[in-house]
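Following: one structure in structure tokens, then a few remarks.
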Amino acid sequence: MIIVMARGAGEAAIAAVVGKIRAHGLSEHVSRGTERTIIGAVGDERVLSADMFELMDGVERAMRVLKDYRLVAREVHGSDSVVHVRGIPFGGKQLQLIAGPCSVETAAQMDASAAAVKASGARLLRGGAFKPRSSPYSFQGLGVAGLDLLLEAGRAHGLPVVTELMDVRQLDTFLEYDVDVIQIGARNMQNFDLLKEVGRINKPVVLKRGMAATVNEWLMAAEYIAAGGNHNIIFCERGIRSFETAYRNMLDVSAIALLKRETHLPVIADPSHAGGKAWMVPALSMAALAAGADGLMIEVHPQPAEALCDADQALDPQAFAQLMQQLAVLAPALGREL
Amino acid sequence: MIIVMARGAGEAAIAAVVGKIRAHGLSEHVSRGTERTIIGAVGDERVLSADMFELMDGVERAMRVLKDYRLVAREVHGSDSVVHVRGIPFGGKQLQLIAGPCSVETAAQMDASAAAVKASGARLLRGGAFKPRSSPYSFQGLGVAGLDLLLEAGRAHGLPVVTELMDVRQLDTFLEYDVDVIQIGARNMQNFDLLKEVGRINKPVVLKRGMAATVNEWLMAAEYIAAGGNHNIIFCERGIRSFETAYRNMLDVSAIALLKRETHLPVIADPSHAGGKAWMVPALSMAALAAGADGLMIEVHPQPAEALCDADQALDPQAFAQLMQQLAVLAPALGREL
Amino acid sequence: MIIVMARGAGEAAIAAVVGKIRAHGLSEHVSRGTERTIIGAVGDERVLSADMFELMDGVERAMRVLKDYRLVAREVHGSDSVVHVRGIPFGGKQLQLIAGPCSVETAAQMDASAAAVKASGARLLRGGAFKPRSSPYSFQGLGVAGLDLLLEAGRAHGLPVVTELMDVRQLDTFLEYDVDVIQIGARNMQNFDLLKEVGRINKPVVLKRGMAATVNEWLMAAEYIAAGGNHNIIFCERGIRSFETAYRNMLDVSAIALLKRETHLPVIADPSHAGGKAWMVPALSMAALAAGADGLMIEVHPQPAEALCDADQALDPQAFAQLMQQLAVLAPALGREL
Amino acid sequence: MIIVMARGAGEAAIAAVVGKIRAHGLSEHVSRGTERTIIGAVGDERVLSADMFELMDGVERAMRVLKDYRLVAREVHGSDSVVHVRGIPFGGKQLQLIAGPCSVETAAQMDASAAAVKASGARLLRGGAFKPRSSPYSFQGLGVAGLDLLLEAGRAHGLPVVTELMDVRQLDTFLEYDVDVIQIGARNMQNFDLLKEVGRINKPVVLKRGMAATVNEWLMAAEYIAAGGNHNIIFCERGIRSFETAYRNMLDVSAIALLKRETHLPVIADPSHAGGKAWMVPALSMAALAAGADGLMIEVHPQPAEALCDADQALDPQAFAQLMQQLAVLAPALGREL
């Protein structure tokens, strides 16, 4: 912690700051500048907060120096961590594609989706059984019946499944169904009780970035899961909210690059939710991988125009197969394999 | 729903759109312009979504015309609704102040807080027992023990209490303790399962705005609660996330003005979380009320510099009493009373 | 400047940083923490930049401690500065209202506007002769002919005039016409050549905030003007760009409160451009003044529905007169006078 | 234009809207829905504005249907336009790299920069002679002397030069010096007088996106230039301002994809200003090209740590050469050549 004293702060104010630092078990370095005095707190500053000092007389600003995250930090764990989902590695040389419809609708739709996903070479199936919808009057997902259909299609086609958990009370059901990867959606990135619960199990977790979350907050959300003992975390960039109205969200490729530097954990991107338009998916997919992503999660629906949610952003099987071919060309140019 | 066809869209494309409108039980009006054809869907458009059309050949854009919210809309329920908390009215002529510490810490702290709140003329006591913190290593609140201390202080000083519910599994405890007002925090504004649960009870709910939520999304979150049968909803503007780093959040007074026009329900503001600095609280309090807010929620702590969270933004009892005097002067100029 | 060394940075890296600090004529304080070393640069740090250090081996971050603005800083010039426009004080106890149409259209329109402005008790007349429009095909203003009409109406009704300067080549014309207050629009807040030119004259300048400018950048823009010798600067908050689409811009009342603390210069607000809707103007006007603004700039048009620009946000004379009555009630509650 | 009437708007209100549409030479289609009446204006709606209608009694909303841009729109001019700079094509199969220092400092620095740029295979040299700096106390560029050094280095190494024009009064000098490409910076994207002036000449113009400009506003800024007769426009995405503080700006790859769809003109990206950190440049460069960019503008400085501005984001010659090798591998995977 660095405490910057206001211009003209007196000795009593400086002594009070020093006293507070010592009271918390740290020691201080006092730097008397020409215009201001600056005090550094030496020791484990995690017991301090900027607030504690900023309210004191004569203090202008207090700044934390250390990063708040530990378990997920690359600084602590230098090499890349690989998260395995039934033997499929996230975070290694191989790029992973998770594909499937926004929401689970029928057995036929899921079977067609899984077949298309499998045929294209993607290795995991997605599908929402519980859907977070802005309106209480919109289709909310099939619920447990949707899990049945998803698992059935996944098992039939040899694809591990990824699906979203919204309510902590459903976790037992997810475990019973042996869902392969639990997705925490953007709206729940700071649902701390939910994070704590998925931290207590051992399932891989895809953690989406909150709509307006900083990368630091996102890392701290992952730290909640890791602090519980579950280190099988895959970050998923899905675009942030911005002033631009021409696309649903703004895919933040800088965040991908920054995460790959700050954490040892794998990072994927969701170009479907980011752009919100099917025609944008190929360009955003390529950009995310070029920025360093370890994989993608893409919406694919056998008949997009009939989808019960997000029809506008799903690829049909043919468009997805074509994109997979493009990615197969791109991967080696990035030193990766598909 | 209005569907704008692309330049040069042919008759087949137009017929397909018309077919889809009719298939959903609505009828159409087709407007052939010099550059484009525009098709209006006539009937209850809530069964349609823009996605359904935007994916069709020859369609450029589809726009919803009706608003998505109904129960909370002023359009439906012209006059102001007043939400009563143990007889204290929110949404009438009287302005309501909710005050107290960010988090419940000790019996002495709560007693001193409640005494200060009562003495100043504010009518409700706040205090967090369960705290949403960005870091798993920060103080997470006293939990149930905190509810005990909060209720005790509130009952002793005759102040109904307001406290945050984060986890749906705690709802029964909140009901057992007979918490007077349940607060849904910014991070849970779109925790739809939580919204549905508080929709099933009859307690007043303070619904804070999400960090980057549009006013429309916020109204829809309230609609989730109202759709469950609970119409005792109080909106609370607490600032949005912006590019500005000089203050924690940006208090959005336009949202207050817009809500007062769009909904019949009461609206309050939280100037403490908005600004994030104690010195900003008076100016933001005045601004929120001048924009039309029906009340304020303010952090007050007997010794701010010792607070376990958000020390930097809490007022001490003296500063709060002084603010109450300013507000007493302001209220009649706004046609309100304190 | 504070330089935070990376974990494990060696002595050579520390010595290099110290060397660079000394090479710029400052001295250093080195603080060796348990995890990191922190180096403070003591002296006039304005000759340093964070960039210089962040690129060096072993440096994690460099942070400036001093504020970049000087002439406009309250720290330097404690009491409020009052800017006088033909004897009308901005920044004292009296609140000032600048009103008039978005753009100058006809002599009749300007005469009716000026009459309405005068009758309501406002003291300055606004009107755009040169208009910044997003589209090259929109009405661009009457140009010099507009200045004629504006000045004529202002002089006839005894109202000093405020109008926007967009092009540095028009400055001589503005001086010839003896425009009373020069407005620098949001899009030109960082048009540094324009700022330098208005810094060389002595006319009062209304400096609008850029669409996505931080308060610090805004203060620095004013510093450009002040550095040229012109200290007659009036800040004007006009709303920032945000993700919210329900209103044009988001009025930032926190910025008003912060500016009143950071600078000695007067601050006004433009609720018309902020909200972009006439019905929002009264609420935003009240909120801006309650937050501490020294005045307002409001669009008034004799027949808003016929206005050539921003029709949607102008008040008609009757609505403006009514707002002035509300403000007359509010002012004393804020310790001000109208 | 589509005008949505409020619920319960009467016949008189509808007739007034129809009258206004006709008065502007268009005709109407009236669609009477179950809840609302919707009126479409048929004809060239560019003479109408939403404002005109939204202020009328009984009107809830008015929406423009047509896009505002014409000359720059792909809709009008289907195939890609190629902008040639001394024979170097922007917008064809070949990717173009513009590289060089942020600001021109000395003859030696420019010579070393140009040599490095040339050796790496990039085809154009950048360097700022006039610098937009947030602080009036920062280095403002060498001015005309800087143009001399830039042109000299460019001509000596056979590299056309790109440099920023900030002040309309400098345009003649730029023409005299025969600068090859004129850059309009982010802060001047809506400096409409400057846009009009560069619209009157025939030089290629690099038009950077404003800090918080929508893609539509950016296209309209280009339309200003095109409307003057100059169609040699190259868009340059340089990141937008966001809430994230971990990087300078947020590179918006979705904007690149959208522009390639909406306009026939070439699009490049500036990963140096976007990320603000040298280590981010390779990842962002790859991402921008993968999203469809036709080239890049990158800061390269012989000794970044000594640079007078933006030291933190410049690559040294070795890092740049290495990046060029990576791009040479990437280009064919994107169907491009370097």
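Before moving on, here are some points about what is shown:
Note that the chains are named A, B, C and D in the order they appear, and that numbering of residues resets to 1 at the start of each chain.
Everything that follows uses one rule, which is that a contact is a pair of C-beta atoms (placed from the backbone, for glycine too) under 8 Å apart; a residue touches a chain by one contact, two chains touch by 3 or more.
Chain labels with UniProt names: A, B, C, D = 3-deoxy-7-phosphoheptulonate synthase.
No experiment lies behind these values; they were computed from the predicted model shown.
With chains reduced to the mean position of their C-alpha atoms, the one farthest from chain A is C. Of all residue numbers used at the contact between chain C and chain D, over half are used by both chains, marking a mostly same-residue interface. Per-chain Cα centroids separate chain B from chain D by 38 Å.
Annotation: 26 Å between the Cα-based centres of chain A and chain B. With centres set at the average Cα position, the gap from chain B to chain C is 31 Å. Chain contacts: chain A has residues 212, 241-243, 245 touching two or more partner chains.
Because contacts link each chain to all the remaining chains, their graph is best described as complete.
Listed in rising order, the residues of chain C touching chain B in the complex are 212, 214-216, 239-240, 242-247, 250-258, 260-261, 274-275, 279-280, 283-284, 286-292, 329-330, 332-334. Across the complex, chain C meets chain A through its residues 2, 4, 7, 29, 31-36, 38, 40, 42-44, 63, 65-66, 75, 212, 241-243, 245. The residues of chain D lying in touch with chain C in their complex are 46, 49-52, 54-56, 68, 132-138, 140, 166-169, 187-188, 190-193, 196, 210-212, 217, 220, 223-224, 227, 241, 277-278, 304-305, 307, 309-313.
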